[in-house]
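Okay, got some structures for you below.
Common to both upcoming complexes is chain A, partnered first by chain B, then by chain C.
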Partner chain A sequence: MNLHVPIREPLLDVRDLHTHFVTDTGTVKAVNGVSLQIEAGERVAIVGESGSGKSAMAMSLLRLLAHPGKVVAGEINLEGHDLNRMSERQLNDIRGAKIGTIFQDPMSSLDPVMRIADQMVPPIMRHLRLRRDAARAEAISWLDRVGIPDPSRRIDAYPFEMSGGMRQRVMIAMALSCRPRLVIADEPTTALDVTIQAQIVELLKELTAETGAAMIFITHDLGLVARFAHKVGVMYAGRLAEFGPVGDIFARPQHPYTQSLLDTIPPVDQQERRRLAQIPGFPPDMKRPVTGCAFKDRCPGAHRHCFEEAPELAARGNDHVAACWLPEGLGADRTVERPLVEPLAPTGIPGDDRVAVEINNLHKHFTGRSALPWRKPPTVRAVNGISMRIRRGETLGIVGESGCGKSTVARLLLGLDPATSGDIFIDGIAQMVFQDPASSFNPKMTLSSIIQEPLIVTGWGTRLEREDRVRELLGQVGLDESYMHRYPSQLSGGQRQRVAIARALALKPSVVVADEPTSALDVSVRAQIINLLMDLKQQLRVSFVFISHDLLTVSYVADMIAVMYLGEVVEYGSADEVFHTPAHPYTQALIAAMPIPDPAAEAARVQTPLSGELPSPLSLPPGCSFASRCPKATDYCRSHKMVLKPYSATRETACHYAN
Partner chain B sequence: MLVYSLKRFAQLFTTVLGVVTLVFFTMRMIPGDPISAIAGDNLSGEALDRMRSQMGLDAPLFVQYLNYLGHLATFDFGNTVTTKLPIIGLILGALPVTVSIAVGTIVLTVLISIPLGTLAAFTAHKGHRMLDNAITGVAMVLDLMPSFWTSLVCLLIFSLTLGWFPASGTVSIDDPAHLLRRIALPVLVLSMAQVATLARITRTSVLEVLSEDYVRTARSMGWSELRVLFRHALKNAALPIVTVIGLSFGNLLNGTVIVEFIFTLPGIGNLLVGGMNSRDYQMVQTLIVFYALIFVAINFATDLIYRVFDPRVQF
Partner chain C sequence: MAHFSIPLPARRTVSIDLSRFNGIVRLLANRRVQLALMILVPILLLTTFRSVLPIAGPLETNLRAMTKAPSLEHLFGTDRMGRDIFSRTLAGIQISMFVGFAVALLSLIVGLVVGTLAGFFGGAIDRVMMTITDIFLAFPSLLLAIGLVSVMGTGMLPVVLAISLSDVPRFIRLQRSMALSLRSRAYIDAARTVKASHLWLMTRHIVPNTIASLLVAASIAAANAILVEAGLSFLGLGIMPPAPSLGNLIRDGQSYLEQAWWISTLPGAVILLIAISLHFLSDGIRQVLDPRSRK
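Now for the complex of A and B:
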């Protein structure tokens, strides 16, 4: 009788992987000893902030690193064969065939001058040893499975003839077309809108379940992890800090870094609007040797042992490992120190209901040039009849997918573009905080002169008075006075955004327009900026217009939310109401598409992503602009224009069937 | 495409008109005129004036200009001042020599610089700077040598010392072998000046493409680096390369004037020099119209070639 139980060999077994980037200024140890196992069919998410080595780790598996990246040590065993010992030629039989890769940016990941067929068919011919026509048929069937309409015709299209969402579908079809055992997806949805992201994530789930392929999913979005992964690996400073089943990681995170990361996410439940957790300090310089735990300088629980010896991954439960000397990390009572954030009462500041901004029937149309002089030129109605009021001290959140006109509204508010028609009334002045602080500063100017610029332009005060004002502003945004004489390049992303906020506040504006102010930042830094904005709102009673595609953040920051679709506001009301009981089908779809960082809640949600994509803004449908994607649309909707109508005391919605 | 062709035609018309006008007036600003160039000091002032009025050179400048435009519109390019031969015949006879030199130069330049530039980019991308630095350095040295100087050096070495190529003698389009031997040195000299620019732009644009995401995608599907280089990188890098080849034709037409003069080749460059020396207004103006036409034609061809390499280019 044979009682010997065969040990199941994992599909992928990575052991002590080290990847270095040798540069002139030193060696960056991007991956510094990572070991992990992945079973067949498993979806493993790797999370971490930029610079944590998560992408370098994924690209190391197939040696797809750009120069000067190099795998210097470690084993990468795929079905028992060590990829790290293979020659380039041998590895080329693994790439695409055994391991498929999906990259982040669908706009740049497909060859722009080659037809889809010419990119998809040759690898199938080579890896599956098919003839050209059979390979082409195979490619078409994959395009069909990823939801490309009319695939036998579209296979001869060029990438530029497709939208970003469609291109990412093609990318997925290509990565899966040779039936790989493992799929590596490096931030596959980061460049996409939230509704398209939901479609792509569902598609990846379905297809990997069907083919039984395992998946490594690199992301910084903890919500997506909860929706998608079986297991999670948290990376910090080139090493795994924690690894385990998704439910376990979210329910009882063991590493202080994981715990802090989870606490930086705005809570879904508005009753628990705690201040977001902040992770102090910066990640370690990867060029320098680290003694002890890499996280020790930022860890509130660090003790002497942490400075002396680096902790190894140790068991913390079933399949759950963490690299920390503390038995439970920071423990369960880590939220107690963070006070609740008072939301603005729906009536505004007591005794002050002055209006800071009033917008009446605002339009902005961009007119192109027609090919022939007698033809009507193409016109995009970027903003198509918007009316809103923002009270003093109120934060208005504007959400919507790219192309909905939210950034155009910002530019109109600031007078950067003239409106086509309609009025904007601002009591005081408006100032702007841009998405990418790095590119909105003159790199040759000191921070002092950057912040002073609006003061100089308006002839405010003397030089000494202005410098005093700069000190005051730096203090308000939480930067030390010594920063005055630094240059933008000497700052981190979060610090730059603080300076951008200081500059926006210099003239004591009545309204600050922030266009995606946190999108370019890592989650821990994002939390700091959000906290800062909340503090400033309380202290200065300044109104904010917070424009973002990130609904969760907007619902946390804003008092009122306006949901935009194709240049129109389709729902407008108090943040709580809009977020928790959305009335317009588009708002409902947006919220359904938004990943919630809670695996249990995610599992309970019904996943029916909004189908279709934005119609061309050049030819808007005559009726309700959302009708082409709306599950509830009828002929009435397709022929009648919808306008905002009162839905409740504090909410308006533009849907015929909502009321 | 129809709209595009119409636009192109309008562009051709305005370009030629502009060039013709400019040349007409600048030629007349240069001291001396064809009559004094022919006559020298032999004729009296009265006789000169008579000849001028015969040729219509005493009319007001503007009337001369309108007259000239009228002739141009009926494709009447006139005769040379000295030999009274039809100008158009002379140009058509000289054109094949110049075209051979120009095309030969472009072909040689492309054959040398694209592989060199690609090789430099490929090695640079892989982090091996040695070969890249060597290629870039040689290209720079070649770029810095003026054509008239390299011409003389080549003549000295290959024609006078080694005797491989004839330095002068007749040229006929009917004897291609001889033509080839005669134009070999001029083509080499002109290529040396062009190779540097083209190799450098090839290197830059291939290097840029090699770090594009879609190159990594192709690698992730199991293609070797060389296949990716030839199938993906070169095609994507082609646009700036084609642009530079188109632009280099301009430099090349300049260059042909010099090398035709030094190597005594009967091309249109030599006609131009002769025409300038004898202040032959008609000859110079007609040649400039030809040059303008060649330029516009090359621009047009460049645009069409864009479409071959990049489907995103629409007309």
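Now for the complex of A and C:
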């Protein structure tokens, strides 16, 4: 081994880490020889597809693996002590004290039956050797620093009394309260809305800078990486494929896998409406031994050597290493693989002005039960007066944070729930692609009967005709007919979403409503599904309603965008305009909060995250519903309701001060 | 409706999907199921073919062989009227098995229908059905059975009905809760968007996904029914003597326990064996169905 003498001892020095999960069907080599060094104060992002071993790697550092995971070899040196040789008791002094952890789901990582104080104070007492009252004061000061209002009272709250964003702040306070040298955060913002995510990311940046703690940040969101990280590690099949400074990785990626991952992201610049790159194939089965490079089967540049010997990490520049036999990975040629998408006119099909969907003053109110019979029952105005038109062949993107009513609009469009008032006209039928590919299908039905179901129910054709239609549909979504007799459990997430699209297209609908169709998928698969939707839109001239919280994807897919906030559309117009020159302060905030997968652009942006959270939908403010969080709000806004008004020829906005 | 003109492929391959039988194969590979079948299958064979076995009929008395201890001639011995206990036990098992099967089937069907309707439709239908169910759940099952038998008289039908009446609410509850959670699945929404009928949704999407759990409950209910039937007969509220129900056999021998232990003990042991193996069977089914308990 090449033993160079470091000028400064790294904070964390991991050498040749191996983690295995022994199961009845074989040993999963989740981490297969990872070495990396992290300096104090450094923020390192680890990216990779699900199953690449990034979470297993992070949990191995703490030896907090779920059964039957086990670190089988390697050194984990933290400030000169090998954690892998420590006893469980010694480790307990490290966990929390030297290493803090932030998990993905703030709902399940706090104990629901314990007050915040009971979860925060004992670790502080133990690790900082403080008495109870001093530890409590310390905890309160941390809650204050993470932005919990009224911390001396909230410390005695239970987790369920707080919102998801607040709980994640508590998690951060807990992780940092014992002044750890290293913080491990496993997808800490994935469960949160974009504006809250922006707040949390800024908070983490600030606090780690302040305490000088290093951070390992696991994520699949390359935009977040660009915003947050100093260094990036790309994991593939249990190994580091590439590791280097964030600017270098984005500007000069060296490994074909990193290069492909970066190309799967929709471009920010709409002028360059290229097809997204997609990574063919699947990651290797981690139970089988791999000969040669693990990425060779999916790599367009693979040659003989790649099949014979696995490449080791080798220097590719300052601090930049990559494990690939090709000197520049796929090099600059890789752009040739991506033909440009034929740009569609923003109005849908040229010369076809017919309307596919028309929505007039749509309302959906959910009425609860009042606590006392003479009180007015609480009412949530999930959709509160929406009017829209979708032309044939046009894609409407609906964006907004959770609770804005976007999914309710979808259910109303499909006729799954009755509207409270207003009307919906659909020229033809509407079909749906759901978010969660796992619960979209009856597990007891074959794909053939799943796709046939709409045909059978509507009495379409004979059995043979229906089976032919299933073959045709499978072909359209890029699956061959051998899939007909498979069950949903035998498919990957991306394949399931293809089947969901095939089922939605079976009856030749005029509009397909897709509610977060890609958010449960890995980035590489996400690109495949988006490409497929774009192709189908052009081939079949079907209108899409694309609902997502991911603005970048929506702006890429959609012709028109509607931005929703608390049941109302606050801005509506052509995708380009809304995305590049947002008029409404909320749209502006959403776009500012959205991380851009470009470190240089991210560094140039001034971050002023939107403050506050959604007001309770049970008691909406009388005026503009956004006034409580709006930087431009005046007394007029707080007392007067805003409605959509024309802003330009192709745009409407509901803000008094938009001009 | 549009018609798709696609040339038929020249040859259609008919493929039989083997994974369809996966469940049964996995079930037979399960240790507990094997153990249960090893006990239940011989017992069932013996009872089915007892008429061709070289043993006396269950009601045949033999005054020259009263209260004989178990021997090769009378495997389980004889009672005070010289009736062959082994033969009577086999006949009793037949009755017990019938009661167990009838109760399980009846509970399954009623539970499936009522539970699906209540869980799927919710609202007023659910509330009415669940209130009635809860009332039945509030009575101890034996009390309910005693009440019913005292109204309808003794015999096979009242016994089956009485036991079912106390089992059915549990089946309804179980099926309702499963239907309730399945009702909001995305695939049901997908079928709703094409205006699938309620009957279609219930028979195609809900029942196939709940039937396995109900079968587990049914095999436990069968074991329980056999025990309750024996209990009712023992109390004189079940099958009327001289019909040889297992409960009757135990009651017959009760007063002779000191002189002729075999009259009660051996049929009792058979009841135990059957109940245990039915529990093994349900445990095995549950293990096969529940992916978490699989290693």
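We adopt the following convention: the second predicted complex is superposed on the first by the 650 of 659 C-alpha atoms of A that agree within 3 Å, B and C clash if a C-alpha of one lies under 4 Å from a C-alpha of the other, contacts with A are read in each partner's own complex, and residues count from 1 in each chain.
Simple rule for what comes next: a contact is a pair of C-beta atoms (placed from the backbone, for glycine too) under 8 Å apart; a residue touches a chain by one contact, two chains touch by 3 or more.
None of these values were measured; they are calculated from a predicted model.
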Clash-or-fit label for the pair chain B, chain C on chain A: fit
Which of chain B and chain C A:P68 touches, first, second, both or neither: first
First (chain B), second (chain C), both or neither touched by A:A430: second
Partner chain(s) touched by A:E472 [first = chain B, second = chain C, both, neither]: second
Touching partner for A:R95 - first (chain B), second (chain C), both, neither: first
Chain B, chain C and vertex chain A (Cα centres) - angle in steps of 10°: 30
Minimum C-alpha spacing, chains overlaid - chain B and chain C, in Å: 5
Touching both chain C and chain B, counted on chain A across the two superposed complexes: none
Sites on chain A touched by chain B in the complex: 62, 64, 66-68, 88-89, 92-97, 100-101, 103-105, 108-114, 119, 123, 126-127, 158, 160, 171, 174-175, 178, 371-372
Chain A-facing residues of chain C, complex: 1-4, 6, 8, 15, 17, 19, 185-187, 189-197, 200, 204-205, 208-209, 295
Chain B - residues contacting chain A, complex: 3, 125-127, 211-214, 216-225, 232, 235-236, 309-312
Residue ranges of chain A touching chain C (in the complex, touch as defined): 24, 411, 414-416, 429-432, 434, 436, 439-446, 450, 453-454, 457-458, 460-461, 464-465, 468-469, 471-472, 485, 487, 503-504, 507-508
